[in-house]
Amino acid sequence: MFKEIIKGMAITLRYGLSRPITVQWPEEQKPATPRHRGRHILHRYYNGLEKCIGCELCAAACPVGCIYVGPAENDPLNPVSPGERYAKRYEINLMRCIFCGYCASACPTEAITLGPQCDFANYRRERTVLTKQELLEAWPKFERSRGDMNQRGAGADQRSTGKSLNPGPSPRLAWEAQADETHEAPLPGHGGIPVNVPGVIDPSEESRA
Amino acid sequence: MAEYKLLTHAFGTKDLPTLGVYEKLGGYQGLREAISKFTPDELVAQVKQSGLRGRGGAGFPTGLKWSFLPKDVFPRYLCCNADESEPGCFKDRWLIDNNPHQLIEGVLIAAYALQVETAFIYIRGEYRDQRLLLERCIDEARSKGYLGRDILGSGWNCGIIVHGGAGAYICGEETALLDSLEGFRGQPRLKPPFPALKGLYGMPTVINNVETLSNLPHIVQRGAAWFAALGTEKSTGTRLFCCSGHIGRPGTYEMELGTPIAELLENHCGGIWKGRKLKAFQPGGGSMQVLLPEHLALPLDMDVIQQAGSALGAGAMVFMDETTCLVNVSMRLVDFYKHESCGKCTPCREGTYFESALMHRLEAGQLTLAELATLEDICDNMNGKCFCPLGDTATWFVMSAYRAFRDEFEAHCGAGTCPVAAAQVTALVPA
Amino acid sequence: MANKTTTPSSSEGLAEAEKVTVTIDGREVAVPRGSLVVDAASSLGIHIPIYCAHPKLDPVAVCRMCLVRVGKMPRLQPACATVVSDGMVVTTQSPEVAKVREGMLEFLLLNHPLDCPVCDRGGECDLQDFAVRYGPQTSRFPITQKSHAAKAVVLSDKIELDQERCILCWRCTRYYDEITGEKELVLVRRGIDTVIDSFNGEPLTSDFQGNLPEVCPVGALTHRQYRFQARPWDLQRTKGICPECSYGCNINIDARDFEIKRFASRDNPQVEDMWLCDRGRYSVEKWSHGSRVRHPLIRAGGEVREVGVDEAVAEAARQLGEVLRLHGGGAIGVIGSPMLTNEELWLLQRLARETLDCHNCDHQLDELGNVSADEHSLGIAEIEDCETVVVLGAEPEANTPVLTLRLHKAQLRRGVEVRRVEHDASPASLGIKGKRLVGVIADEVHRAYAADMADALASGNTLVKRLTVTRGVNGRGAKDMGMLPTQGPGYSRVTGGKDGRQILHAASAGAIKALLLVGAETVLRGAGILAEKALAKVDVIIAIEPRAGIVANAASVVIPGHTYFEKRGSVTNVEGRVQRVSPALPPATAAPQETRVLAMLAAALGATGWGTGDPFEVNTMLSQAIDAYRGAGNGGRALWKRQGEPR
């Protein structure tokens, strides 16, 4: 009897002295597994062109119908994506999304992948519909913002294993910090709300800088 | 049976292509006799009786072809197919060069038999000199009243129009020829309806080869029975054989049908050159299947050669000696068909492209054995599935060579060595 | 007299011909002599893949997809070009045939760019479908060796060509050869380099280019207007009738996100024979734009009030009732529009004549004189049965372009003599005598000439039938429904009233005190300054109007209307074919459809027995009132007794 109590207390003591495994979320972020299916990312080629060609196969594959693609024709002199077609509108309704990753599987150009970020709580419903601007990687800084090449998210490359993905600082914290100042919810991508990808930077501006 | 100079008997006579000389040698007697002795129907019966078969490739009985024309549908047209483009074939040019009036007389006899008032000679675009020669001879004949209005007092009118092609192999196919003649893109037409019912400008049309028509003056003059006695029972008369390749004396030889191939090769062509051995030969031009030395004993007879797995075709004999790489020959022939495919039907347009790509890789030694099976498979998908015979024939040589020289094809795979070339190199190195 | 009648067409005539029995895959079927194997197979439900074959074009057998084993023939035969014979045995399901199909698809995909993700045809492409169903799973051809051709070649402002995607089935060139006779597309180069291009590289000028992408089995020819607008699975398809003219072409309306994206043809051999004109096909954009009236409005003393439908109807009834009481029905003018459905037009003229005691009602401006059903006796498909067709002037073909294709078909396939003459050509100068059946085609303006021509041509054995091309999608229906100043429903005799222009003149002169305008915006715009004067003068203007414009701005009571694609009802084409339309778009307003509003208005004016105004209910009522419509049903022709014909 006594023996058992000591045994039990020993476990408590041992854990009391060891380092805690809990994480102070959202102040602290836990690394995501390499094939974590979180918030979607729209990728770019290294020349800054969007990979998405607006083919709507993701929308067709989506079992819940949370993706809307509005395609349009590229201006050959100033193309948005390689080829004739690009996505003029690209919206994902995160309230509906079940993060199955079918969109990434269906994508013929590996334009959409599911990234590490998983906290989407928001005070406004309309914010949960992500626009193309929010989903896209920035250019040309996107490489820095997404870090290592392995961190392309699930669906991009089936061989991407090993390294964990860093989801970055919590959007909620940033939102709260911002809300204190302006008393209004800022848009994602503004005021430090990280969406892995800030807004799209015009290539011409970048070259001037 | 041996060489027999029927069409070529007067060849070499000075100024034969002029009307005066031709008439002196009995020219246009056939036409006179045809008009004076026979009614058109009797003439068709004569040709049927002579057993004359088409010399253009398919070997269809000429009289039978003529009898398919519907009665009482006029105007009808006659087309002489002088679009000779088969690789290794040059007999039509030879006939026109040496004796154009013989052809014109033949055309007129056929036109009379079929009651045609407008005959066409569709001549290959590259044969510019021959076209001009024919045009000059037609003018000559017209001035003497052999063609034009009321020919030789018979009340029958006939004109001949010479039309030059624009350099497409496919226009040798009879319906493509008609399309080209009408001014359209030269592409074969859907059969049925056959040209005998709906041909040029939608009217009954007969299309005959230059050599076929050149036979007619002789059949009329000497009689159908005499002609039928020449040659074998099913293949009557003589044929011109254009012999080329690795032989001592290349050229055109007129042989009585039924003569063994060996005789043509040894006695006339001077055998295989440089004392080498025969490896393979094509009896009917670029499109026909390859035959082997053991087939040399076969007679020059359309049916016998067909049974041996090839065809006499247009009579172009191409002999290849032992230093020939069959893969290389196949590649070049396939390239020819790729270039000449008209693009109408899928298997020919795409299949020849596929075939050519594979053959180039085989020649370069980049093909695997599995892909060699692909080659066989796509040839099977083409053969018999194409719109016209061009696509089919594009596979015949390759497949027959592949079957006969499988080792050689397989040796090209992977390692990329050509055993034939290797053997030649070895022969050069002193022992 | 009006019994359920459809015009016998050429195909129905053939159906009675001799039948032959063929066995396909062990199943016997009797088909008319002269049919093709592919049609015989489809009558058994056996699918044979085809690319080059097209039901409206002659066979060419170039794609070689449909090769099947026929009897003991040495070679496989193309099912699309092989005519059935009695006792023929056809095998379409055998390893041999399957291998050929697989082989052909491998060939077709050999140099195909496989850019399905960016191809407008992706999702409704025969090449995709058959590749999945019959094709090989992989290609044995190295991708680097594909032969390439030009992409996105602009053939005209309407059509774009992708030469790489083309499988050279020749449907487009044959369409130009056989259907329009214009021959604008040709094949250039040969062998693997063969491509389709416009003749001499000149832009296409045909009025019927829009049919090219429809005959194309792959994504080689595409609409520029529809380019990258949607995927087939995004589209909601509704059966409808083309809104551009009164020919009544059957179309499928494809809409995405409450916007019409394209019109596709819906084959009706009796009407358009699956060919649409560019004017109709590319009129899509105007239906998605333009400002709309969304709420009922009452305009009083310079103020505009937004009200409910009930209140607006009550106010309209009050204003109309007051004019009726003070000045009588003659002081009211009713103008409809040929864009309204039969149900709306019938209710509108009934409201005018019965409830408002007003005979000033019209659907357009011009005086139409003595209209009769006789001038529409010639059916569209009947043109092919005529011996001679006389077309007066260029207007009929300019107003209903698809008529040109029917005339061309009649000329080419049936040997009909087509005479295009001046409006006032004298019948004697044409030299048409002793023909069995002569058709006379004219437009509405030149009806009188056509009548003279018909009278002069008709003799003992010659039957003359007339076709008058009306204006607006339902111009014919407006006449049948009696939306005319001189004639009532079914061309019955009624007390005469003022026609459209006279109403406007009387209104601007002050003789007419109230106007009831239903969808009349486009009609009034045609009157120009006169309409503006009339609208400014009249105080009581009751308008049921879908679009903002001069009418909605001037009206004392505005009730939102529905556009043509938001309505349910029926429309009648030039030959009297009654065809249903249903909403392809959700209405832009909460107000009920016009039929309901008219019924409410009648009820508010004290009339009874009008029912609820449901389009089906109204349709039943009008069919009872007009004999010819009882027999027409949906898709049949409303036929009237010809003058002098026994009943």
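Letters A, B and C mark the chains as written, and numbering starts fresh at 1 in each.
Everything that follows uses one rule, which is that a contact is a pair of C-beta atoms (placed from the backbone, for glycine too) under 8 Å apart; a residue touches a chain by one contact, two chains touch by 3 or more.
This structure is a prediction, so every number in the text was calculated from the model and none was measured.
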*Please identify which chain has its centre, taken as the mean of its CA atoms, farthest from the centre of chain A.*
B
*Looking only at C-beta pairs in contact, point me to the busier pair out of B-C and A-C.*
B-C
_Could you work out how far the Cα centre of chain A sits from that of chain B, in whole Å?_
71
*How many Å are there between the centre of chain B and the centre of chain C, using C-alpha atoms for each centre?*
56
*Using CA atom averages as chain centres, what separation in Å is found between chain A and chain C?*
49
*asked:* At least two partner chains per residue is the criterion; list those residues in chain B.
replied: none
*Which of the residues in chain B end up touching chain C in this complex?*
168, 170, 185, 190, 338-347, 349-354, 357, 371, 374, 377-378, 380-381, 384-387
*Which residues, counting only chain C, touch chain A once they are in their complex?*
115-118, 122, 151-152, 227-229, 231, 233-234
*Spell out the residues on chain C that touch chain B in their complex, using ranges where they run on.*
59-65, 67, 74-76, 81, 99-100, 103-104, 106-108, 110-111, 140-142, 145, 147, 167-168, 186-187, 189-194
*asked:* Give the list of chain A residues in touch with chain C in this complex.
replied: 53-57, 59-60, 71-73, 83-85, 108-109
